[in-house]
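What follows are several structures.
Next come two complexes, and both contain subunit A; in the first it sits with subunit B, in the second with subunit C.
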Partner chain A sequence: MATVPEEFRFGNFLASIIWVILIVIVLLTLVILPLTFIVLFYVPLPPVNGEVLTPYLFLTMIVDPTRTLPIVKYLIHTTPFKVIVFPGFVFAAIIAAATIFVERKFLAKMQLRVGPLYAGVWGVGEGILQLAADGLKVISKEILIPSGADKPIFWAAPIAFVATAAAVVALIPVAPGWVVSNTDVGLIAVFAILGFFPLIALLFSWASNSKYPFIGGLRALHQMIAFEIPFILSALSVVILAGSLNLTHIATSQHPFWFILFLPISAFVFFISSLAELERVPFDLPEAESEIVAGWLTETSGMIYGLIQLGSYLKVYALAALFVILFLGGWSGPQIFPHQLGPPDAIPLVKVLTLQGLYNAVTVNAIFWFLVKTIVIIMLMLLPRGISPRIRIDILLHTGWYKLIVLAFVNMFVALALIYAGVLGPGGSLSIH
Partner chain B sequence: MADLEDRISESQKMGMQIVKESDDDRLMTLSVGPQHPGSGHFRFIVKLDGDYIVHCDPDPGYVHRGEEKMTEYRNFIQNIPHLERPVIHDSTNITYSYSLAVEELTGIEVPRRGQFIRAIASELNRQVYTLYWLAIYGIFLGHSTMFMWPTGDRELFIDLLEALTGARVTHAFNIPGGVRNDVPDGFKDRCLRQITYYEKRLKEYEDIFYNNPLVRQRTEGVGILTKEDAIRLGVTGSVLRASGVPYDIRKAEPYDVYNEIDFKVQYMKTADSFARAYVPFLDMRESCHILRQLLDKMPEAGEVRAKLQANPRGPPGEAYRRVESGRGALGYYIISDGTPKPYRVKISVGSFRNMLALPHLLVGAKMGDMPVIYWALNYWPVEADR
Partner chain C sequence: MVLHIMADALFISVAILTIGSAIVALETRELVYGAIGLAISMMGIAGFFLLLDSPFVAMFQITVYVGAVAVLVIFTVMLVRTQALFSIKEDPRRKTAGIVLLLVFIGGIGAVVLASGLGNPAFTKFNKPAIDVATIGKQMVTYYAPVLVLLGLTLAASVIGALALARREDIEQKNERVD
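== the complex of A and B ==
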């Protein structure tokens, strides 16, 4: 049956438009406007700077430049901001994304290539949007699940991987007071969370119901357990010197001498163990392409792969930051930022533009030095990929169980000797506490 | 029954371990290839006991194209383009021995300048092949820089060969009676410049790859193929020379102008995977000396190919000629019945002979050694399948 379109009449058209306008006006006056006013004027908000706020006042504060800064200052000190934006997930994810891009460019320059080139903005920035393109591709891909896979675990493992990596990030302080969770057992908590990764790898490889992932999962398990012990032992000598497990306290207790000066062997062991923990070259055995296809990632596809990549780069940031905190004095560094960005008695607009009241020279300086050190360590972690082949599993286990553990013990005795000789520690001749 | 026992004892002699049925439940059977990133167009079934390989069963034939049968339907000249398909990275060498065999059958004499140009193209192409092989060996060890550098430097040789032959990879340059065309102007200088640059690069390769302690750790003492086993299994080329047998066709049966060239046969006595990986590298270095001499001694002018009749043919007979390719001895056995088409062609390739040593070496090795041993055998699956 063919449908005949209704004959168009201008009068009907006009009438329908008028009806729509009428309905909108009625709805506005009777429902939307009263609701808006109720919300704006009567819903209470938590007090900021001792002022009881309503949404209306809040909006006026945002619009009024002189009153914006206190509210921003209030917002960035709330827990949700710390968890989500800084120094939590978004901050770490941006660093992880930058790491992926820098790694590709850095490796390309080392190998006489150009690296990502075309996905840029108006011809500048040489592939700076490559990561966004890759992300879009990964999101739009179909997720294939092998037949016989254990579906709940197969879905849960990648999410657990990212969540666990982000949980490590939550324990890392980036500046005095800028940490999501400032706990007194910070270092133990970090190692406890890192202990989940071999479990996730093994679960995922088992859930994939495939042979190559299974071999890869077992390799990941062997590798991470073999390197867990030198990893913890090398951090233990730092704890001996600092006398605390709190990461903030460890960072501040390295004033004026960084622990890497007293514990170079521990720093070396820690660095090697973190490479193994991260499954990076030369310890990329669980993903050894020419041997076992892609190791425990063989059956990943689409966003599952994307999530695991994101998680592993978050881990790169977390472990590099941990290295900085344990051995490189955290955020300590010469004060290079001015105490005020503008004159204190300026007009309000200039005050807003120079972030007066919000800008804290010490914090900004701390974040700057922390970032500089972390980036240097991340670059050092990327370097072996250009110059080193993959190690074999028996050599890897031998290195982990015999050599690194012994080295870590050696430096632990050095640390104890420094304490007993009265050089470092409480009342030591080199410590200013 | 006796037949089966014979086969079992024969396999044990070859190094294959016979796996009992009752053991199968604790072994993991892995089918490595042909989709495996570390196998090429080739499959081998391995059985793993823990991390150790206890059984290996190579299964070639995925890219069998019937090259030998195809030659029977084309005349001697028409055969050249398709005969180089099995190993396009070494296409000058695979047509070299064919041309030599056809020349022997038809009695064509190659002009002296043509012989030199052939040898130059052959040496350049050997570099191209070996660089490609080295690149894959690098990435098989997880060394990505060693993948990129040779692949980049290979381009320079490809450019040279493009200037010489007109094609980047599939040259079809050697023909019975000489080469297709003369060298372009300024080729000698360009070639010498390239060799000088390349010798510098070879030093860098050695520093970043062969002298890398991790590479040494992974390859030294892995997959030992003793001299006796190497001769018994019939391996050839760099694999044979790495086992301590200084055997090179260019020296043993010099063809064309190779008896006028002064070079040493490169060999090592350690007989492990490192030696098998290092001998092709030494060959590349020696090949530079050979190229310099060839360019120096090449006659300034002259014919590059003999005048051929329309459909070259010879009296009924047979010929077997072989050359040293990137993977070892590459021979052609051609029977002619007097017509312009060959009656039967048999291509004897180095890859297939080297592949036979694979089960011998893999059994008892670790899974992580698999790519190290496999690709050090200088095996090109497509050539082996022909």
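== the complex of A and C ==
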């Protein structure tokens, strides 16, 4: 019946709202405005579009929408934006989250199930909010730490897992110039960082103080170390053809012909090894749920589980993107976006709405093709989970140590032959100068 | 100037990280923490290489020492019973002797470095660009080719030796008998 308490008075309610407004106004005048002015007057602001960003200019830019775009353009080219938002963490995390939802729906359709259904919005979308619901659930659940667990490592390992995955993401270029860290040794850096994952899995499984996680951790160690060698060798033939370890240079050097045309065996080995590196079906022995509960994730709960899931799907994105850069020509593709979104002599509001001065057709096109290729590769990585059983551990190790290494060498000799025959490489008959 | 201060601050923090984790690796009673300290110390050394403009060496330092050696050490440590290792009581005289030895060693190294002329300002002022990876590759197969071949032979010999040592004849014989 009545949920209004006995002592409720409308006047008291109004008075409380007025109190809140008063406190906000007092805080604004006493703290926030002085702080804003201190920042504007005393902190040296960077030049935007050749003009020094004075407080006056800043305020006019906020008021006048046509002057806001240069600020936005300046901001999205700063390093913090790159690290946190666009080619960096948030972008990859959105792709990872989408991958989790798409994987569940995709597998359900393949196996004639329905998949996530009820967490929709306005009756459409067939569970499109399932991910948000799962995220809320994971955040609000209690984190259980098993008794006898090694607490510091148990807490630190999931964070290290996500941080390491984000470090791999930071090395991936998504368009010309759009990369967080454009080093000359990008490919080696990727493999160096990927080498942390077996260490983290092993430490976390040991810190859980439980049998199943430890078995899973040992399996993860064996598997990742066995497949690291064919992984690196298959990427090495790409390095031979491109003549560089810089990922941007590798992507741009396959301009007329993608490397997958010359190195199909390497691409196959790279794909299989990345499946093993990601612990995905059919190589999901470290998390084999029908044998060892959930492998090295058995004792995880709440946000620790959420962090490890986020890290592993960030890894899925990073390795799919790496496959695209090494074998599928990176962001190259036909120009399908118009060079201008609107007429150049339009009124200011239309100019703002059509993002004139900010919109770059080449970059948008590059990001589009990169995303299309990456999504195709991610779907290919998800596919085996619907159709393939888990393989035995001796077959897994045999595949890694004997077959894939030999296959990787085969294509390396093909790459060397192409270089020495003068087909590819500097001055080759098929390469554009 | 700002860059110099930044580089100095980075150097000092990496040095503290490296030496601190090395001390942890030596002193801690938990062997797993010691192994983690060792891994962090090796990463600190990779940080020194990065500060010295040699990212190639830094990446290989991480790949080999953190990715392989530290994993091996931790793997071994986890399978070892640690209780029996620390039954010996510490001798305070040994500790004193160790500290004295350390000081003598540091003094000797410092004297050598000071006498070597590294303090000469002409040594520290050079503006050469960082060596790129392609140059390292060319040097490896031309000037350093004999060393490379020798190293490869040594590694191959040690792998074959390890295989020969690890081969267990009793298991093979048992298998034959069963067959």
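The working rule: the second predicted complex is superposed on the first by the 384 of 433 C-alpha atoms of A that agree within 3 Å, B and C clash if a C-alpha of one lies under 4 Å from a C-alpha of the other, contacts with A are read in each partner's own complex, and residues count from 1 in each chain.
As a working rule, a residue touches a chain if its C-beta (ideal position, glycine included) is under 8 Å from a C-beta of that chain, and two chains touch if they have at least 3 such contacts.
Keep in mind that this is a model prediction, so the values were computed, not measured.
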{"item": "Touched partner set for A:73, first subunit B, second subunit C, both or neither", "value": "neither"}
{"item": "Contacts of A:110 with subunit B and subunit C, given as first, second, both or neither", "value": "first"}
{"item": "A:290 touches, of subunit B and subunit C: first, second, both or neither?", "value": "first"}
{"item": "First (subunit B), second (subunit C), both or neither touched by A:398", "value": "neither"}
{"item": "Touched partner set for A:141, first subunit B, second subunit C, both or neither", "value": "neither"}
{"item": "Partner chain in contact with A:221 - subunit B first, subunit C second, else both or neither", "value": "second"}
{"item": "Partner chain in contact with A:198 - subunit B first, subunit C second, else both or neither", "value": "second"}
{"item": "Subunit A to subunit B touching residues, read off their complex", "value": "107, 110-113, 211-212, 215, 281-282, 284-285, 288-293, 385-395"}
{"item": "Contact set on subunit B toward subunit A in their complex", "value": "28, 30, 36-38, 51, 138-149, 152, 208-209, 212, 214-215, 217-218, 366-371"}
{"item": "Residues of subunit A defined as touching subunit C within the complex", "value": "150, 153, 183-185, 188-189, 191-193, 195-196, 198-199, 202-203, 206, 221, 225, 228, 243-245"}
{"item": "Subunit C residues within the subunit A interface of the complex", "value": "32, 36, 39, 55-56, 59-60, 62-63, 66-68, 70-71, 74-75, 78, 132-134"}
